[in-house]
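Listed after this line are the structures, all set down as structure tokens.
Shared chain: subunit A. Partners: subunit B in the first complex, subunit C in the second.
So, the complex of A and B:
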């Protein structure tokens, strides 16, 4: 529970019971397979997965796949954040634009991300562009919606303060609205990062045959469940690590934003 | 339905539909696409061609069974996820030690992107409809389970005292106090789970070629039937939109019946 650290109460204590449960589950898994009570042909023991991890790390495959996935996540996320914030600023500051585009957003937003894979494949073939198209479009929405919402919720009095100081329209946007909306924007940015990881893996599974997502599918087809589980665990850890890095970065650079940063569980 | 209820219902429906003038950018884009498209194109077929491709698909008898298969999996998978997620969530959340003990395990399970469960399930369960359903339910369950359990764990402590004063049985405590206080959070979890369930349903179909819209999409892409790919994209998009709006209406109705109760304790 990272959020507790930001709430001002020093309530962090190690969850011993929780980690013991995890350890017991892993042990039980190992035992059932070693003893052979539960002989699923394609369920590897945790020790086999650890051996597999060593094998993949030594051959360098793990690093190559992870770097490829990281690259697409970062590129796609960066484009989504840049486009989402700019469009969100436009829509958030102009009621006219909002009136004439909200329904379009409402129609496009629930489009399932995966439906873009065949179209992207059609347009770009097996390439990183395919991945980027699949990542950018769906992870744009949380940033856009949160930026727009954040701007709309800024108190009208703040704008009056800006006017009193005779700030120009762009100066009001930059000096008043943007800082006030930062907490909301950061929530969108974080949701979009989590989404980008999932989408990159998805795009690699059915679109571009590279990276961690493709590695999972190809090890499944090669009937190497031990190696497949290595990639599954790495993908899970990658998501957790990126999220933790972003939370740390935001709480350092925008202390005011971190109080509301947790957002809904998603 | 009584007249008053019908009025309320219609108002809820109307509130969920944004004004149509907001569709202008989309219409402009599609019109420009139609006018500028250079006849039949392998990459950007004009919108009218999407329509004829959809009609062709319908006439060939492929569209309806595929759509039915996808919708059935989605609905059944989501229903399973809701039933198990809410049940387990209440069981975990109402007991503090259980919640603490299972917390890290559940958090890690949630961190694994749902699409990855597809290859695992393929290996362990093989290619069939049961596998499809299991995967969809398994991916959709986490947001529902975790929202339910964390809400159930944070029910206002004063209510415990009230329940004890009235000598409520455990069943009554859950039915009369826990469930009414967690409804909004369960709904939030379902809202997050819906797009996941749609994506995973389509993904299973794409990866395993089990019948459904996903299989149809990847098949038309492999045959370079671009108009058909776009037609299916629109159909899937409309389905996502319809499910989203339908759920918003259901959510509004449920919240009217069980309005949010006393605020939960901060976590």
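So, the complex of A and C:
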């Protein structure tokens, strides 16, 4: 029983009950518009959105915008994860570094990402660098904080086990501390990915005029709400798919960590 | 009775020699003495039990022997060498197996921890399998620790320590968290393992019967800070048996004597 539950293999049973709710909502939306309960000029019915999706897919605009956004999400997230884990490891293992840097982190951390857009635009203009600047810093914090916290929460006994077996300091770090902190690190990595998607879209809406975020804005300005909604839905699906991919990857790569990882610790 | 007559070539007979070991630790802004003037010798190949009530520094003493905590004054020698950090050939088996095992590693990989990268792959495999067989866990090599019962997890920890072929096993109340039946079977297993490997064992416990049943010698530690009040030789016949040994007159006599030694001190 327990073994099954923790064995880390994602079970791919379709969530029928969940799909029913989604289907009912979409159907209700379609009905209210068809029947005319809601009569807004710019609120399209789901059927119109589906038609719009076909249009955008055929013209290739949808795939171009999606690929651009994916590229900035991945670049930004990769930089945030690499920097966050490295800094988190340093801070998690050195009380001295923590004493000097935690105050700075607490000042920087609550800064709203959008405040960086004007600065980024001045520095990098309409470019993917602008997007990256907006993405990286905010998605760095969850990784850094979770890595640091994960290391600090490793039970003192585990370090003593490493010492009694006369492991070197570096061996204790990568054989004991790092794997013990992996579930916490992965939580940070996952939060960071979700943030990166949101931030990429945001940066495209108000900064670099490319990708899904800009497409939403430009379709709105073109008074094509049906096409605008296509992009909104695609952004949602993108976030869902990336998260699912990451969860699957983690439960495959770290079977023992995934029991904790799948928990609602975000 | 007390192993006091130590001069000259003693480190052939003794693995550990402690002389006037005292230790204080920081405590609520000040500091507090945990161990006072501990002198004892652990003979090569013996099972030395240290028994005493909680709060007498038993665990601290084993940490000092294991090189995890340096003593404030006095000297601790292993094979004649002053210790500085965890000595080679000495491994601690901790009480809290759930914290001491690497939960993300299988039983096999837990046991390999102390020797991986130091011995050839084939040697590693045969040693791990060997010690797993010794503690009766050869079928559980691929399980994770959290899939095992408490007694089995503690066996994994013992196997992990044995895999490095230690000269001395330091055991800190290893069976305290286990139920009575598991405890009894692990006690017998430990005696069997000791016979097969020939290692010396220092075994901390607060269970007087356990101390008498397992020990070749017993030290009674008592008071705050902890002192060694007495040591007893326990010439009970071997192999020991959970029923026969425990109901023998000598066993009861030792149990009584240790009880008196502890009781006399705490009053």
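Please note the rule applied: the second predicted complex is superposed on the first by the 238 of 266 C-alpha atoms of A that agree within 3 Å, B and C clash if a C-alpha of one lies under 4 Å from a C-alpha of the other, contacts with A are read in each partner's own complex, and residues count from 1 in each chain.
The criterion applied here is as follows: a contact is a pair of C-beta atoms (placed from the backbone, for glycine too) under 8 Å apart; a residue touches a chain by one contact, two chains touch by 3 or more.
Predicted model only: the values in this text are computed from it and were never measured.
Once chain A of one complex is fitted onto chain A of the other, the partner contacts of A:46 are absent, as it touches neither subunit B nor subunit C. Between subunit B and subunit C, B touches the greater number of residues of subunit A.
Within the superposed three-chain model, A:149 lies out of touch with both subunit B and subunit C [touch as defined at top].
Once chain A of one complex is fitted onto chain A of the other, the partner contacts of A:240 are limited to subunit B, with no touch recorded for subunit C.
With both structures placed on the common chain, the touch criterion links A:254 to subunit C but leaves subunit B unconnected. By the touch criterion stated above, A:157 is placed in contact with subunit C alone, subunit B being left untouched. Once the two complexes are laid over each other on the shared chain, residue contacts for A:18 go to subunit B alone; subunit C is not touched.
Common to the subunit B and subunit C contact sets on subunit A are residues 3. If you check the complex, the residues on subunit B that touch subunit A are 18-26, 42-43, 97, 100-105, 108, 111-116, 118-120, 122-124, 143, 146-147, 150, 188-189, 192, 195, 198-199, 202-203, 206-207, 214, 217-218, 220-221, 224, 226, 229-230, 232-233, 236-237, 240-241, 243-244, 266-267.
Touching subunit C in their complex are the following residues of subunit A: 2-3, 6, 155, 157-158, 160-161, 163-167, 175-176, 179-180, 182, 254, 256-257. Those residues of subunit A whose C-beta lies close enough to touch subunit B in the complex are 1, 3-4, 7, 15, 17-22, 25, 40, 42-43, 99-119, 121-123, 197-198, 201-202, 205-206, 213, 216-217, 219-220, 223, 225, 228-229, 232, 235-237, 239-240, 264-266.
The touching residues of subunit C, when paired with subunit A in their complex, are 66-68, 85-86, 88, 90-92, 94, 96, 99-100, 102-105, 113-114, 144, 146-147, 164.
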